[in-house]
Each structure stands twice: as C-alpha cells, then as structure tokens.
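Alright, structures below, take your time with them.
In the two assemblies presented below, subunit A is common to both, partnered first by subunit B and then by subunit C.
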Partner chain A sequence: MAEIILQVVDGLAIGSIYAGIALGLTLVYGLLRILHIAHAGVYVVGAYTAYMVYSATGSPLASMAAAMASSALLGFLINRLFYKPLLDQPRYVPLMVSIALFIVMEELVANVFGHYPKGFHVEFLSRDISLAGATVNTRKIVVFVIVLAATLLTWALTTKTRLGVASQAAAQDAETAMTLGVRIPLIIDFNFLLGSALAGLAGFLYGYYYGVISPFMGGVVAYKGLVVIVLGGFGSVMGAYLGGIILGLVEQVMTALYPHVLPREAYAFIALIALLLFRPYGIFGRREMA
Partner chain B sequence: MLRLENVSKHFGGIRALDGVSLSLREGRITGIIGPNGAGKTTLLRVMAGFYKPTRGRVYYRDRDVTPLGPHERARLGIALTFQIPRAPPEFTVGQLVQAAVGKAMYRGAAMLAERDRGEVWDRVHRVLERVGLSEYAEREASQLPLGLQKRLELARALALEPRVLLLDEPSAGMSPEEARELAGLVRDLNEKEGLTIAIVEHNVPLATGLSHYMYVLHYGRLLSEGEPGEVLRDPRVIEAYLGAGYARG
Partner chain C sequence: MQRALSPQIIGLIVVIIIIVAAAAYFATRPTGPETIKIGFFAPLTGPASADGIAARTGAEIAVEILNENGGINGKKVELVVYDDQLNPDQAIAVSQRMIQQDKVIAGVSGSYSGTTLAASNVWNDAGVPLVVAYAVHPDITKGKPYVFRVGMLAVTEGRIAAKFVMEELGAKNVAILNIDNPFGNSLVDSFKKTAGDRVNVVFEAKFPFPTDDFTPFLNQIKTLEDQGKLDVILFVGYYPHAVGVKQARELGIKAPIVGVEGFDSPKFIEIAGPASEGVYIVTDFDRDKQTDMVKEFIKRYEAKRNIAPDMVAASSFDAVMVLAKAIEKAGKYDGKSIADAIQSTKDYDGVAGKIFFFTEDGNAVKEITVQVIKDGKFTRYKTYDDPELLKP
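And then the complex of A and B:
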C-alpha cells in the first residue's frame, strides 16, 4: 500500500510538471493552430533563469517569479518576431521555425551554462511526512498544489471573464470574434504571455522537484507536451491539466509495476494510443479544434 | 454615412473591385446586386474592415476609417453578418449574443471583469426576442437549422447596437416564407430603429423590394445606380443579368 501511495504521489508531481508545460501549448494551439515546439525552449530558459536568481538571492519565490517573467517575455517575443509574420503561411512553416527556435535555445543555454546538468537545490517546504504509512517529501505535494492553483486560475481567466469569452470566440472563429469587437492580436499576446509564464513555472518546478536542471531537459517534454494536449483535447485548459496528470500517473505506476517490460516513455504512448482509439479528439477535445 | 471613394481590391492578378465609389445614405436601405463574381461580398468586407483596399479610401461619418481593422469598425457601430453563418461551436445562442453585447467590453482592464450577467442578459433576451429566437437561447448555436442561424447572425450584429448594418446574402438558403419574414424584419429595423443598412442579395426581387437606392456591380466595377425601378430598367443591368438579347428587348 505504501509503495502504491509513493508511486501515485510521484506520478501526480511529475504529471503536474507536464500539465504546466501543456497548458501553455494548448493556449497557443487553441488560437493559432501552431504546434509551438519552441515552448520547450521557453521552459528551459525559465528553469535556468530560476537557477540564476536562486543562486543570487536564495529566495525560492523570487526565483519562481523570475522564471515566469523571463519565460513570459520570451514567449511574447517569439510570437511577435517569428509567428506573427508567418500567420498567413501554411502551418508547417511556423512549425519548422518553432523547431529551429527550440534547438537554437537549447544550444544557447548549453553554450552559456555548459552541456552538463547543474544541481539546483531549492530549500523550500521540503521535509518528509508520513502519508498512510508512506514517507513522502512535501515538495511533491507543493508541486501538485502550485500547478493545480495555476490551472484553476488559468481556467477561470479563460472561461469566467470577458477576456475568456473573447479568447474562446477567437479560438473558434477569429473573424466572428472580430465582428464582436475583439482585438485578436491582443488576445494572442495575452495567451503567449500566460502560457509562457506557465512554462517558466514548470521549469522552476522541475528544478525544485528533481534538484537538477539540464540544457536538454526540454527535449523529452517537447513531445510529451504534445502527447498531453492530444490526450486532453487541443485547446482545452482542463484537458491539458488532466492529460498531464494521467500521463504522469501512467508512466510512474506502470514503470513501478513492470520496470523491465517497457521503458517509461513507451507507457506514455501506449496510454495515448489507447485513449485515442476511444476518444479520437482527446478527453475534452472537439473535432473543430483538432 | 459610410462612403467608399475610388476603392479597388486586387487579389494577385484578380481585380475583385476596380475603382468603386458609392455611399450608404443615413437611415436608408441600400441594395447591392450583381451577378456571381461581381465583387459584392468583397465590397462588404472592405466596408467592414476585413479587407484593406488596394487603392482608395473608406469614410464613416466623414472620418477616414481605411486603416481600421474589423474590431475597431465594429466598435464604431459598423456590423457585418456573414453569408454563411459562423456560429462558434461551443457557444449557445444566448452566449454568442452575450459576447457581442457592449462594444467597449473587450478593452483594457474591463476584459478581466467577470462575464456579464444581470442587465446584460436582459439585453440579450431583448435582442433574441427582436429576431424571434427567444426560445432557442439555451441551444448550441452551431446546431440550429440554417434559417435560424441566419437570424442569429442578425442578432449577433444587432447586439453591437450598430448604426450601420451590412447584410451579406441574408436570405441565401432560406425558404421563400423565411425570406419574406426576414425582409419584414430588416424593413422594421430600418423604419423603427433608423438603422442604415446595406444589403447584398442574389434574390433581386427581395433586394429591390427592400431598398431605397441600389448599386449594381459587374466584374468589380459599378455598372449602374439609382432607385430600384430605374436600375431594373437599365439596359446595361438587363444585359449583365440576362444577356444582350434581352437588353435589346
């Protein structure tokens, strides 16, 4: 029983990090229909900003805020400088640019900070507690709670406010939204700022959870982020969150139960295939958004 | 009220509009007709700001609005309905109209306010009642039959409290009965609420029956203009619609 609780808590924490990354991806995809691979680079830059600020200040909150701010700015600039001029082009054009940007960002970070992982030990709410017989470190619970709070805030912003109405209308039919008086570029900017800030948050939380960051930590999440938004349904905030959690749990629990049968990533994709067979547009997805 | 001066719109080598000048008179219904490919929809989209003219200017109440985008023109009171209804799939009828109520709501910090309730919903219901959609408020907009979706287009436009209403083929796909009802509604909006209306129609009898003044487009150029009866007697219009044999009579 204790072992199961341990795996579930780990799965929830890892899934929360996936969800944090996927939230931003789904916000961008919902509006622009661009697979924003460079988002994984934004996440890496967020993690390294967090590392620098934590090294300089020792403050976890300042480190987290700096990661979110730097990532938000970077995502905003990527949209303005690279995606916006290409919106009239076929979608594979910005996709190619996005992949190139991701590689450039990875290599730049590697050149500046070195190619090897760096220890990033954040001392914040970290102690062992007993949970139904299992010893669990509180940082796993902190990761889960922070991402859950960020998701609920994002969900409220995108469904309960006028901005959310505008954003939903823009995601579903930009021309109709414009006839309602909605300024589409403003909505796109907002989604990039919010989504990229969440990637920065996920970068910080990755370091906080694993105690280490690497210039190439975005490689795996670049495609896992895609798995998550496909699982959850393109463009859906709650879908991205649940998709992340499901992926984290499936990976963790299946790897613990059958460690030598398949590698961790294979379980993630088996879960994806199984779900898509029954729900081709994901948990909360709709045909129009795919 | 809304004036186009020497407007051309080119798509690559295609001249969809070529040096068109016309004006929508305040409080009047202006009909715009023409054979397929005449440039009627392009003209409305230039008026609404969806297309920037390749040449020429667009004026609204003597203000040059050529550089303004569709959302800015919508806020000024220029509302467009689409030829093919465009109901976003996740909106109910009421929510779609609600999203259009209040032209200033998508600006600055007001955007972070809670979705509107109370008095806004009263206005939503008034608009739905105006177009005969009250009983469909909770239905998913994209699931309505075509005739009702056309009415919803009108409701969405009216929710903006427009001064100018641009109707793109409002009767397309409607039964004759539905088209007659729609014509009655459009006439009411003009007579009782003083709306300035431009109507692009394939249904020539409907357009001539409604319009105070008409323009005829042909291959992107203005072919004729005048009172409906006058325009229909113009040999150039008869030739464009029916061929040279009819024009010679």
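And then the complex of A and C:
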C-alpha cells in the first residue's frame, strides 16, 4: 500500500512538470498551428535563469519568478523574430526553424554554463511527511500544487477574460475573428508570453524536483510535450494538463511493473501511437467536422 | 599569325609542372615527419560533450607535458582534434580525414563505444594504430592488431564489483540498477557470473541513458529493505544518474550503494549532494596515488578547467602517453612498428592505474581501485592489483 502511494505521488509530480511544459505548447499550437519545438529550449533557459538567480539570492520565489520572466521574454522574441515573418509559409518552414532554434539554444547554454549538468539544490518546503503509511517528501506535493494552480489560472485567463475569449475565437477561425475586430497579433503575443512563462515555471520545477539541470534536459521533453498535447487534444488547456498527468502516471506505473520490457521513454510513444490509431483528436479533444 | 597555346596544352603543362614539383618535394623530403601528428576524436558537441571535452583536455595535457620535455625523439607532438558528435558515421568520416588528409601517424579515441567501434575498423584497415581511452565494448579491439585500449573492460569491472560486494561488504541480497547498453549489460553479466549463487539478486531493472527518475524502481527497493531483504544496491550508470542516488537516500534507503567508473566524476558528487557520502565506485583513477604524474595531472587539469579531473580525462591522458612511449621506443613512424611497440608495453604507471601489459586482443591489464566518497571527495578504499584477477 505504502509503495502504491509512493508511485502515485511520484507519477503525479513528474506528470505535473510535463503538464507545465505542454500548457505552453498547446497555447501556441492552438493559435498558430506551429509545432513549437523551441519551447523545450525556452524551458532550458528558464531552468538556467532559475539556477543563476537562486545561486545569487538564495530565494526560491525570486528564482521561480525570474525563470518565468526570462522564458516569457524569450518566447515572445522567438515569435516576433522567427515565426512572425514566416506565417505565410507552409507550416514545415517554421517547424524547421523551430528545431534549429532548439539546437542552437542547447549549444549556447552549454557553451555559456558548461556542458556538464549542474547540481541545483533548492531549499524550499522540502521535508518528509507521513502520508497513509508512506514517507513522502513535501517537494513532490509542492510541484503538483503549483502546476495545478498555474493551470487553473491559465484556464481562467483563456476562458474568462476578454483577451482569452478573443484568443479562443482566433484559434477556431482566425479570419472570422479578425473581421470581428480581434487583434490577432496581440493575441499571439499574449499566448507566447503566457505559454513561455509556464515553460520557465516548469524549468524551475524540474530543478527543484530533481536537484539537477542540464543544457540537454530539453531533449526528452521536446517530444514528450508533443505527446501530451496530442493526448489532451491540440489547443486545450485542461486537456494538456490532464494529458501531462496521465503520461506521468502511466510512465511511473508501467516502468515500475515492467522494468525489463521497455524503457520509460517508450511508454510515451506507445500512448501516442495508440491514441493516433483510436482517437486522433485526443482523449479530451472533440472530433472536428470536416 | 602565331597561334596562341590551346587551353588543353596549357593545362597539360600545369599538370606536368605540379607532378615534377611534387616528385621533387617527396624525393628531397627528410625521412619521417617534421612533427608527430596524433589524431584525436571525441564528442565535443551535443549531450555527450562534457565527457568529450574532458577527454580532449586530458589528451592536451599529455601533449603539453611531452612537448615541454622535448617532444618525442626531438620532434614536436601535434594533436589533431575532431568532433565525432557521438555519431558513428561522423566518427568514420573524421577518422578517414585524419588518416588520409592530416596524415596522422596514430590516433586516440576519447569517445564512447558506438563511435569508437565504428571508427576502429577504419584505423585497423589503414594500418594506423588507434589507442582507445575508455570506450568499453569488447569488439573494439577484438581481432584488430592495430587497435588498443588503455581503459578497463566492463567484464573486469563487474568481476571486481562482485568480489568487493561479497568480500568487503559481506552482502548477500543485491538490488541491481543498470544502464541498458553494452557497458551496463556486460558488467552486470560478469557480476552475476562471478558471484554465482553466493548472492541473491532480489531486484533488477534496466534504464536508458536519459533517465532522471529512478523512483519507479526505488520505491520497490525501499519496500524490500523495509522487509529486511536488501543488503546492497549495485548501481551501474553514469554521473548524471547521481540523481538516482539522491532519490534513494531521500526515500530513506540506507543500504550501501556500489557504483562503477561511470560515476567517476566530480559532477556525481555535485548532483547527488550529501547523498553521495559513502557511495563506493569501482574505477581505475585513484586520486590518492602519490606519484608525480598523478599530482601534476590533477594540478594542470584543475588550472585549465576549474574542476577536478575525472576518469575520462585520466584515461585519455594515459592513451596519449602510452602511444608516445611506444613511438619513442619504436624510433620509426610506420604503423606496424608503433603497434608492435604498444603491444610490448610493460608496467606503465599511468594516471588511471598501472598498466601491467596488453593482452593479445590489445586490452590493458591494469590496476583497479575502489573509491569511497568521504567529505565530498573520492578517496581510496581498496586497490586490486593481482594481474590474474584483472585479466579481461
């Protein structure tokens, strides 16, 4: 029993980090239909900003805020400098640019901060508590709660505010929305800022959770983020959140039960393939009428 | 009117001049090269770049020391460095380039098994000796008279790990976590073969390289420990997997952890933090060895990189030094003479353990050490130096 609780808590914590990354991706995809691979680079930069600010100030909250701010700015700039001029091109053009940007960001971070991973031990709400007979570190619960709060906030921003509703309208039909007076470029900027801030948050949480960051930590999440937004149905905030949580839990449980059959990473792809076969519009997505 | 020379004739004349000049150059050239060029490849970009750069630094320090002491036979040594990007095709391409264009007289691999295995055939087929620093795959040297390895083989490391776990720790119930690659698998096979039924493997899991979460396994290992069914964890991974050691201690797992050379990096201690205290590693780089060479190597490495050296750097240093000693002894610069000289190496006391001799398959038989982390530092726990035990 204690072991089941441990596995579920860990699955929820890592799923929360996936969710944080996927939320940002889905905001961009819903609007621009660009597979924003460079989002994983934004996440890495967020993690390193968090590391620098934490080393300088020792404040976890300042570190988290700085990660979100630097990532938001970076995501905003990527859109303005690289995606915006390419919007009239076929979608594989910005995709190629995005992949290239991701590689450049990884190597830049490696050259500036060193190629080795860095130990990043954040002293913040980290102690052992007893949870139904299992000893659990509070850090895992903190990660879960922060991402849940960020998701609810994002969901509220995108459904309850004028800007959010306009953004949804733009995602569904950009041309009609424009004729109705929605300022599309503003909406795009808004989504990039918000989505990239969430990537920065995830970067901070990764360091906080694992105690280590690396210039190449974005490699795995670059594709897992895509798996999650497919799971959740492209463009859906709650879908991306639940997709992340489900992926975290499935990976945790399957890896625990069958350590010899397949590595953890493989389960993400199996989930993706199964989904594309049976529900190509995602677990929580709606079938679109052709 | 006089006809101008046709372009064909001019072309022909140019070609003849070039041939004559080249022939004259080669005919009058002194025998042997001006400088001794040694090729070097390692992953200098991408996820493995930290190791590649450490390996390059180790090799550069060796060249630096050689040149300060008058080079090899009075000739300056030049290291020709290429990035293999951890891509076997790239490793083959840069190897061909070093052999054909740069005309290196021998090479050193500061790379992993996959790339080195691919490149080893190129060097062997060309008859240009290659000394491999730390790549572990047995086939890299097998049946290739021009390819040598100064590092340990996984099979030896597994054998020593088994002896250590049984004899020093007196452990019976072992949980094994191992990286799913030829290194991890052959090490664990050798561990099990050596231990036989003297240990019980109570839990076993394999993980891929990019693993940052070991909790699915550790939660189960924790349960075993609570039931009194666990004495030790054999953890076969690389230093980024230090995060697993941290997670184990956070879960409250108290059993000793035995790691291998992959953990041999100051980064291991940094990532695991205080959880690294008391972790044992089986490796060949003994920092407590008080030879001048070890002290000099550590001093220069720290001055260059601002971090303590690791096994990867130490092995690459040794690879260059073993090669340099062989070239000096051969006194000739053809592949066959150099390879013969490497093969006849005896008792080279390097930075990463003393090399007693090379086997027929070109593998070093060398000292192995068990280090334990104490006060945030790798310190010597025990040295294994019986050549019979250390033969691959």
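In this section, the second predicted complex is superposed on the first by the 282 of 290 C-alpha atoms of A that agree within 3 Å, B and C clash if a C-alpha of one lies under 4 Å from a C-alpha of the other, contacts with A are read in each partner's own complex, and residues count from 1 in each chain.
Just so we're on the same page, a residue touches a chain if its C-beta (ideal position, glycine included) is under 8 Å from a C-beta of that chain, and two chains touch if they have at least 3 such contacts.
Given the structure is predicted, the values throughout are model-derived calculations rather than measurements.
S.K.: Tell me the contact category for A:K160 with respect to subunit B and subunit C: first, second, both or neither.
M.R.: A:K160: touches subunit B, not subunit C.
S.K.: Once chain A of both complexes is superposed, is A:G181 in touch with subunit B (first), subunit C (second), both, or neither?
M.R.: In the superposition, A:G181 contacts subunit B only.
S.K.: Just subunit B (first), just subunit C (second), both, or neither: which does A:G219 touch?
M.R.: In the superposition, A:G219 contacts subunit C only.
S.K.: Of the partners subunit B and subunit C, which touch A:Q168 in the superposed model: first, second, both, neither?
M.R.: first
S.K.: On subunit A, which partner's contacts cover more residues, subunit B's or subunit C's?
M.R.: C
S.K.: With touch defined as at the start, can you tell me which subunit B residues reach subunit A in the complex?
M.R.: Contact set of subunit B toward subunit A: 48, 50, 69-72, 74-75, 79-80, 82, 86-91, 95, 98-100, 103, 105-106, 110-116, 156-157, 160.
S.K.: Under the stated contact criterion, what part of subunit C meets subunit A in this complex?
M.R.: 45-47, 49-50, 53, 180, 204-208, 210-213, 215-217, 219-220, 222-223, 239-240, 242-243, 246, 250-252, 265, 267, 270-273, 307
S.K.: Show me the residue ranges of subunit A that touch subunit C in the complex, using the header's touch definition.
M.R.: 2-3, 6-7, 10, 14, 107, 110, 114-119, 121, 128, 135, 137, 210-212, 214, 216-217, 219-220, 251-253, 255-256, 259-260, 263-265
S.K.: Provide the residue numbers of subunit A that touch subunit B in the complex, in ascending order.
M.R.: Listed in rising order, the residues are 157, 160-166, 168-169, 172-173, 175-184, 286, 288.
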